Amino acid sequence: MNILGISGALRKASTNTGLLRAMKEMAPAKVTVEVATLHGIPLFNEDDEAATGKPQAVRDLDARIRAADGIVIACPEYNFSIPGVLKNATDWLSRGGSPFRWKRVGIVGAGGGQFVGTARAQYHLRQNLQALQAITMPRPEVFVNHNEQKFDAAGNLTDDETRHHLAKWFESFLEWVEKKP
Amino acid sequence: MNILGISGALRKASTNTGLLRAMKEMAPAKVTVEVATLHGIPLFNEDDEAATGKPQAVRDLDARIRAADGIVIACPEYNFSIPGVLKNATDWLSRGGSPFRWKRVGIVGAGGGQFVGTARAQYHLRQNLQALQAITMPRPEVFVNHNEQKFDAAGNLTDDETRHHLAKWFESFLEWVEKKP
Amino acid sequence: MNILGISGALRKASTNTGLLRAMKEMAPAKVTVEVATLHGIPLFNEDDEAATGKPQAVRDLDARIRAADGIVIACPEYNFSIPGVLKNATDWLSRGGSPFRWKRVGIVGAGGGQFVGTARAQYHLRQNLQALQAITMPRPEVFVNHNEQKFDAAGNLTDDETRHHLAKWFESFLEWVEKKP
Amino acid sequence: MNILGISGALRKASTNTGLLRAMKEMAPAKVTVEVATLHGIPLFNEDDEAATGKPQAVRDLDARIRAADGIVIACPEYNFSIPGVLKNATDWLSRGGSPFRWKRVGIVGAGGGQFVGTARAQYHLRQNLQALQAITMPRPEVFVNHNEQKFDAAGNLTDDETRHHLAKWFESFLEWVEKKP
C-alpha cells in the first residue's frame, strides 16, 4: 500500500511535516509512506493559468495523489482556518478535475499552546475536501497541541504518548483505506 | 468616512473586484471608497518571515486597514472555502497584532452558476475574521450568483437589480459603521 | 436495496418530507424507500435518560437506520443551521453507539426564497454526521430554493425541473451506496 | 449592568449551568447576573405554532433577552455541534423578530475529556447567532475541558485555575458590553 503525506506548512522545521515523518517511521513493512510539501506551487491567479497553464509543481503533486492508495494531510491552523498555502494548493489541484475524487483521505494536525489544537482548520479542510470529492475518514481524529513540549527544534516528534496516539490513528487509517467501508 | 475595499481575487477582470468598483461609484459624497488588491503579497512561510520580515505589500495593506473607518471584503469562493490568496493575506496580516482588531467589516461575494453564490466561502471568512478580532456585520448579506449574466467581460457590474441590491446593502453597512451598535 | 429517508421537519406539509416522497416515487424497482419522521422523539435531557432510558421512538429509528443500506436526510435550514428537532434526534441516536457508523448517507434540502437554499444547514449536518461516523456522499448536492413555486400546499413536489434534478442526484446516490467507492 | 446567562443544557448538575453560576458569584457590585435555562420550551413545529402561538416559556425568555444589556450563552457540545435543545430554543426565538438583534453576546462552554472542549459547538453557535443578528465577541474565548476534574457532582466549578481564567474572560466581556467597540 502506498500512502502520500502532504504537509500544509512550508517551514523547514514544521511540526506538521514532523507528524508525517513519524508516520513514515511507524509504517508496517507492506506500507510505503512518501512525504510531499507544497514548495514551488505559486499563488493561484486565473490570468497566469490562462497564460502559462498549470505549473509543474502542481502537475507533479496531482500525479502523486492519483498514484497513492491513501492520502494523509497534516494541517496547521492559522487564524482559525486552513493555512493559505494549503488552500492555495487545493485551488490549483481542483482545476480540470480533482485528483482527490473518491480518494481515501485522513487528516492530522499539530499546533502550539493549550487549547483546541488544529481543530478549526481541520473542519474547514474537510469542507474543502468535500468540494474535491474526497472520502475523508470521519473518526478517530488527531489534534496535537503544546507542540513546544512534543517536538524538537527540527520538528521531529519526541513525545512518546503522542507517538503512541498517532500510531493508533495510523493503524485505523490504513484499515479504512484497505477495507473501504 | 473612509472605506477600504479588499478584493480576494487576483484576476484582472475579477467580478469581485467589480463589486467593489460598483460600491465606489455608488458611495455618497461624504464617503470615500478605495479598492485594494492582494497583488505582491507572497506565500506565507515562517522561515522567510524570520529571514526578511514582513513584505512591503503586507505593511502597506496593514496601514490602509488601520486607517480605514470600515472594510469591505469581496470574497470569491474556490472549492467550498476562501481563496488561498485571500487566506494567505490574512495569515501575513495577523503577524504581530491584527489590524482588523475592533474594525467594522462587511463581506460581499460574487460567483458563477446557479446555486449558493459564495456563501460557503463567506462563512469560513467570518471565522477567519473572528480570529483577527474583527466585528463583522451579521446581516444583511450579499451573495451574487450567475456572474456570467451580471458582469461584462472586464468584470464591471452591469445588472441593475444586483446594483440596486448592492446599494441597499452598502447603505446598511455605512449605517452600521457609523452607529456602532 | 433498502433506503431510509429521514425528514428533519415535523410540519405535516413539509417540503423536505415532500422531497423524500418524491424519491420514493422515482425509485427503481429493486429499491425500496421508506420515509421516517422525528415525531415522538422528546427533547434530550441526560437526567431523563438516566431515569427512563432511551425512548421507544429513538429505539425504533435506531433500528431502522441499522437495517437500511443507505440513508437520505432531508434537512431544512433554520437560522443558518440544522433544525433543533433534527439535531436533537442525533443527540439521542448517538447515545450508546451510533447507528450511522460506516453507513452511506446522502443529504438533500429545500427552503423558501431566493438565495442559498439549505446550504448552511447541510454543512453543519455534515459535521454532525462526521461525529456519528457516517460516510456522507461529497457530491453532487441538492439545494432546492423558492419552495413556494415548486411544491403544492400539501408539500408535494410539483416542479418538473427540480424533479429531474433530484432524480439525477438519487441515481448518483444509489450508485454510491452500491459501489462503495 | 444586567447580564443574562443562558444555559444550553437541561441537566440539573450541568457544568455549563455551573459556569454561569460561577460568573454570577464573580460579578462586580454594579453588575447583575441572572441564569436562565431552557426548561419548558417545547420542540418547534410550525403546525403547533400556527395552532397555539409562541409558548409562554419562549415569550418569557424573549423578554429577558430584550431587557438584558448583554447575554452569555453556556454551550455544551453534542456530536460536534450545538445541543438540539439550544438550537431548538433559537428556532422559536427567531419567529417574529429576533430578540438578539444588535445584542452583545459572549459564548463559553465546558465539556469532558481531553481535546477540543466545546469549540466545534461554539463555532456553529456563532453562525446561528449571526442569523439572529447578534454581535458576538470575537475573542477571548473559553473552552473548558476535563470537566470531570474541575466541577463537583452538582456541577459547581471547583477548579481555581479555570475560575481565574473565566474571571478574566468575564472582565473582557463586561468591558466589551460597556464600550461597544
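First chain written, first letter: the chains are A, B, C and D, and each begins at residue 1.
Keep in mind that, in the parts below, a residue touches a chain if its C-beta (ideal position, glycine included) is under 8 Å from a C-beta of that chain, and two chains touch if they have at least 3 such contacts.
All values reported here derive from a predicted model rather than from experimental measurement.
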Same vs different contact residues, subunit C with subunit D, by half of numbers used: same
Comparison of A-C and A-D by number of C-beta pairs in contact, larger one: A-C
Farthest-lying chain, centroid of Cα atoms versus that of subunit B: C
Where subunit A and subunit C are represented by their mean Cα positions, the distance between them in whole Å: 31
For subunit C paired with subunit D, centre-to-centre distance based on mean C-alpha positions, whole Å: 28
Interchain centroid distance [CA atoms averaged], subunit A/subunit D, Å: 35
Residue list for subunit D, restricted to those that touch at least two other chains: 120, 123, 127, 130-132
Contacting residues of subunit A [partner subunit B, same complex]: 9-12, 42-47, 78-91, 94, 120, 124, 127-128, 130-132
Touching residues (chain side subunit B, partner subunit D) in the complex: 102, 123, 126-127, 129-135, 138-139, 180-181
Subunit A residues within the subunit D interface of the complex: 115-117, 119-120, 123, 141, 143
